[in-house]
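Following are the structures in question.
Two complexes are shown next, each including chain A; its partner changes from chain B in the first to chain C in the second.
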Partner chain A sequence: MTARLLPKKDLPGFIAALAKKQEVWAPVRIQSQEAARFSRIDRPEDICLDYLNTKLPVKELFFPQREVMFTFNPGERSSAQASAQVRERVVLGVRPCDAAALELFDKVFVDESKTASPLAESKTAGPLADPYYKERRDKTTLIGLACNAPGQACFCTATDGGPHSTRGLDLLLIDLGDRFLARPVTAKGEALAKGLARAKDKDISLADELAEEARATMDFAIELKQLQKSLDKAFDHEVWHRLSLPCVNCGVCTYVCPACHCFDVTDEEYKDSGARIRTWDSCQFSLFTRHASGHNPRPDGMSRMRNRTLHKFCYFPKTQDKVLCVGCGRCITECPAGIDLRETLETLRDTLS
Partner chain B sequence: MTNPWLPVPVRVDRITIENEARDLKTFELSFVNDADRKAFSFIPGQFGFISLSGVGEAPFGIASAPHEERVRYTVKKAGVFTAALHEIDEGAVVGMRGPYGNWYPFDLMKGRDVVIVSGGFSFTTLRSTIVHMLGPELRKDFGRLTVIYGARSPGELMYKDELRAWEKSPDIELTLCVDCLDGECWPLTEGLVPNVLKQLAPDSGNAVALVCGPPIMIRFTHPVLKELGFPPDRVFLSLENRMKCGIGKCGRCNIGEKYVCKDGPVFSYEQLLSLPADY
Partner chain C sequence: MSTEAALRDRCRALLQSGEVALVVGYRAARTGGNCTPAFVTGPDQAELLVLDKTCHHNLAAYLPGLRHKGRVAVVSTGPTSRSIVNLLKENQFDRKDLHIIGVPDPSSAPASNVRNAVLFDEFIGDKADEPAPAPDQDLAAFEAKTPAERWEILFADLSNCIRCYACRQVCPNCYCPTCFVDASRPQRVGRTPDRSDTIMFHVMRAMHMAGRCVECGACARACPMGIDLMVINRKVAAIVRDRFGHVSGMSLDDPLPLTTFTPEDGQEFIE
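== the complex of A and B ==
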């Protein structure tokens, strides 16, 4: 597909044109937190593009922290009405790691695979795709913003990504100083960039140089396929006790993780309205797995920390052939106990090999 | 696109209290809409969610057989949701979604003897299995059907009318056991399920075992089955884990890379041996 050029001075006009046909979402600076968050854009000047990454991953636009799945009339035990759905939109300024995580989300939420019987009989158990996620995904075009200066905690190059990766994106913008190189990835992305001037060879080679430079600043590397194999036999290893000692099971790593998808479902009822709500949940909480009988398969912090690590680097890759981590580093910067996932993985590699 | 989250309305036609402790109730449900009834088909071993708007929803194994008119669930009063469900009256309309999960290995069971070992209120999906197998067209497909079903006391045995009928039937060899006879003596054996299984010693030569019960019963049943010669790939268990979605997304019912909701709830013992002991 043809790479194009978007001069920075034309960005407001480009966004205004997009906004005529659909909603535009992009990072906006939250002053109180010195952080950026994806918000609906009314004025192009509100967009903030000089952020390392948003505090919360873009997943919240597809899988909101709190989502009404349907409403009902209080008092009626069975009535249910599906809630209103989303409009077509463009999300601009998505970091490559967050976009890659949406590909992983697709495997969870749009999976329509058949239920496996113990004997592989062939019968479907009905559609398993999540309609809320799928509709948001179908109606969204993703414009990424490449990272020329990855952060201290970033390690996307170790997780099948990269600072200029196009995984999961429709169009990637690369900052070339006074202009962006616009690299279409999908037909949707190409359509958005159609009106822009063609990029020259020197723009493309400058972008490639920037990608190389960015990559060179990221030195964390680990053989994840090999690690997966060792983890597969490490469930009862004592290393988990050591690794989980500093963890306070606060769950922040799961909330800020672009690939963590676990949720709870609860009902809320007010005087004249009721709703079934889906909210983010965390495998780090003891109630997450506790049975009504009181039995809990993962009763302590160690077993919960172990499950999170194994889910991301062993269980998920076993069924989906990808680690459930995109190396965004949020869990590292947000952990109150200073746990660094990269160190955890290195310890596991060194201990289990 | 169908929305798997939306429960369909079902009417509670009949409620039966199953035990002396009065904390087990069977709910017989019929579909309010004909289209929903036609769309609902399942195989014994699968489960569904019962939904009470304003309270929530929870998964339960289906206790009825596919050919029975009403879908039934037997529910133990254990938490907030089940307490609310136990308050429901006959005639109420509640929600249901499903069926989910896999089922008992009927293809493998065809032409073989079937040994069912169960304790406590987990007998539900096995009741579904037995009624299904005893069905007019299916019984001839299977060999001997041996059922061992145990409870703490006689008053805790569920589906008593059916149990009495099965005792007289030539199609099923039923052994009922209780931890303590409590003075009752209708064909009941005193003893724990694994011990009774050992005494009974059903032939494992061409048999499949289905096991369902509390963890302690399962732990002591496995060595007996092994001793009797059942290979791990002919022993099947139905597991339960906390779940919210039933469709492999909410992330809490996993055992290793398997989700109980989607890859189970029925697992062969062979499969379980290859999974971490995280249940």
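== the complex of A and C ==
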């Protein structure tokens, strides 16, 4: 596909043109803070493009923390329906790691190999899919922003990604100083970039150099296939006790993780009416596995910390052939106990091999 | 010898002699930046221990989870030791199982806090100068606003809360076996970041902190969303100070204000 150029001075115009046809979402600074979070854009000047990564991953636009699955009222027939009417939208400024994580989400929430029985309302059978997730995914075009300066905690190169990776994206923007190189990945992305001037060879080689330089700053590497094999036999190893001591079992690492997707379903009721709500859940909480009887198969912090690690680096790769981590580094920078996932993985490798 | 070197020597000796099975202290993080909690079980690992101005975790939070696991030594700055005082008064840890290594707080403690350990079995290093008591200007500025403005500030800030409970998990006071927000039979508080449920969580937690919070700031530092939880905690602590003359965690002998009745307690709520 043809690489194109977007001069930075034309960015507001480019966004305004997009906004005529669909919603535009992009990182916006959280009130009075350094951090940015994806929000609906009304004015192009609200967009913040100088962030290492957004505080919360782009997953919240596909898998919101609070999703009303359906409401129930006396005398009415309920139907499963995404809470907000989702419109066609473009999300701009997605980091390559976050986009790669959506491919992992697709494995969980959409199964193309199976057919869902048609809902009475829709009549047509589609792939077996979570309707809330799939609707948002289908209606979204993703414009990425490549990382020329990865952060200290980033390690996407160790998880099959890279600072200029296009996995999961429709179009990738690469910052070349006063202009972006726009690299289409899908037909959707190509359509968005159609009106832009063609890039020259020197722009493309500059982008390639920047990608190499960015890669060179990232030094964490680990043999994940080998690790998966050792982890498979390590359930009862004493190392988990040692590793989990500092962990306070909060929800931070799972909530900020672009790949974590576990949820809980609760009913919120008022008098005779109510709503069934899906909300993020975390394997680090004791409530996550507590049975109705009160019995909890993961009774302590060790077993919960172990589960998070094994799910990401052993169970998920076993069934889906990919680790459930894209190396975004958020769990490292945000962990209140200062736990560094890379150190955990190195310790596991060194202890178990 | 530096305080840090003395601390390492002492911890090595404690582990070597078997006086303690575990030292909870601080170590450097892999990527630099702030220190992280360290759990040292062997004399050869005592080298890991660090004491610098980024050592601001309240290590007392780990004690309830370490009950009946052998004798524990805790590197205790002013705030950590104040929380230990509270845990002992609330019968959450057996004093016999605890060896408190007092240290001066090397971090820039907030003005409302004390720097040197208030309770210890031994003190390592020179006592730091305690900050002179200063009026809490942030709190005064907050209090000067109208109730409507205060609500607006709290609403706006708390609407960023993602209910990850990091604030609760790092707080030494939050050791309830089942937190009220986790009660599921019946469920008392909604589990989503819906604003009314989120505010319910924070208001209830503030109530449970009254007379117990030592204003260590661990909750606010833990919050990934940068929510200013200390404005709530300092307000609650100020109310307890004004009404009961009580400063939390300063001595084992002070009665706990909310579980002790005295005829002098304000009773104007009885009409």
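As a working rule, the second predicted complex is superposed on the first by the 320 of 353 C-alpha atoms of A that agree within 3 Å, B and C clash if a C-alpha of one lies under 4 Å from a C-alpha of the other, contacts with A are read in each partner's own complex, and residues count from 1 in each chain.
FYI, a residue touches a chain if its C-beta (ideal position, glycine included) is under 8 Å from a C-beta of that chain, and two chains touch if they have at least 3 such contacts.
Every value quoted in this text rests on a predicted model; they were computed, and no experiment measured them.
Contact with neither chain B nor chain C is seen for A:K271 once the two complexes are overlaid on the shared chain. By the touch criterion defined above, A:E334 reaches chain C but does not reach chain B. Contact with neither chain B nor chain C is seen for A:R87 once the two complexes are overlaid on the shared chain. In the superposed model, A:M69 lies in contact with chain B only, and not with chain C. Within the superposed three-chain model, A:K202 lies out of touch with both chain B and chain C [touch as defined at top]. Of the two partners chain B and chain C, it is B that touches the larger number of chain A residues. In the superposition on chain A, contact of A:C250 is made with chain C only, not with chain B. Of the two partner chains placed by the overlay, only chain B lies in contact with A:N307; chain C stays clear of it.
Chain A residues 264, 266, 290, 292 lie at the interface with chain B in one structure and with chain C in the other. Remark: chain A residues 69-70, 72-80, 82, 108-109, 111, 115-119, 121, 123, 125-132, 134, 235-236, 261-267, 269, 274, 276, 281, 283, 288-293, 295, 297-298, 303, 307, 310-311, 314-316, 318-319 touch chain B in the complex. Those residues of chain C that touch chain A in the complex are listed here as 29-39, 41, 57, 61-62, 65, 156, 160, 162-166, 168-170, 182, 184-185, 187, 190-194, 221-222, 224-226. Those residues of chain B lying in contact with chain A across their complex are 1-7, 9-10, 32, 43, 46, 51-58, 78-79, 82, 88, 92-95, 99-103, 105, 107-108, 215, 236, 240-242, 244-245, 247-257, 262-263, 266-268, 271, 276-279.
On the chain A side of its complex with chain C, the touching residues are 30-31, 33, 35, 55-56, 65-66, 152-153, 242, 245-246, 248-252, 255-256, 264, 266, 268, 277, 279-280, 282, 285-287, 290, 292, 301, 332, 334, 336-340, 342-343.
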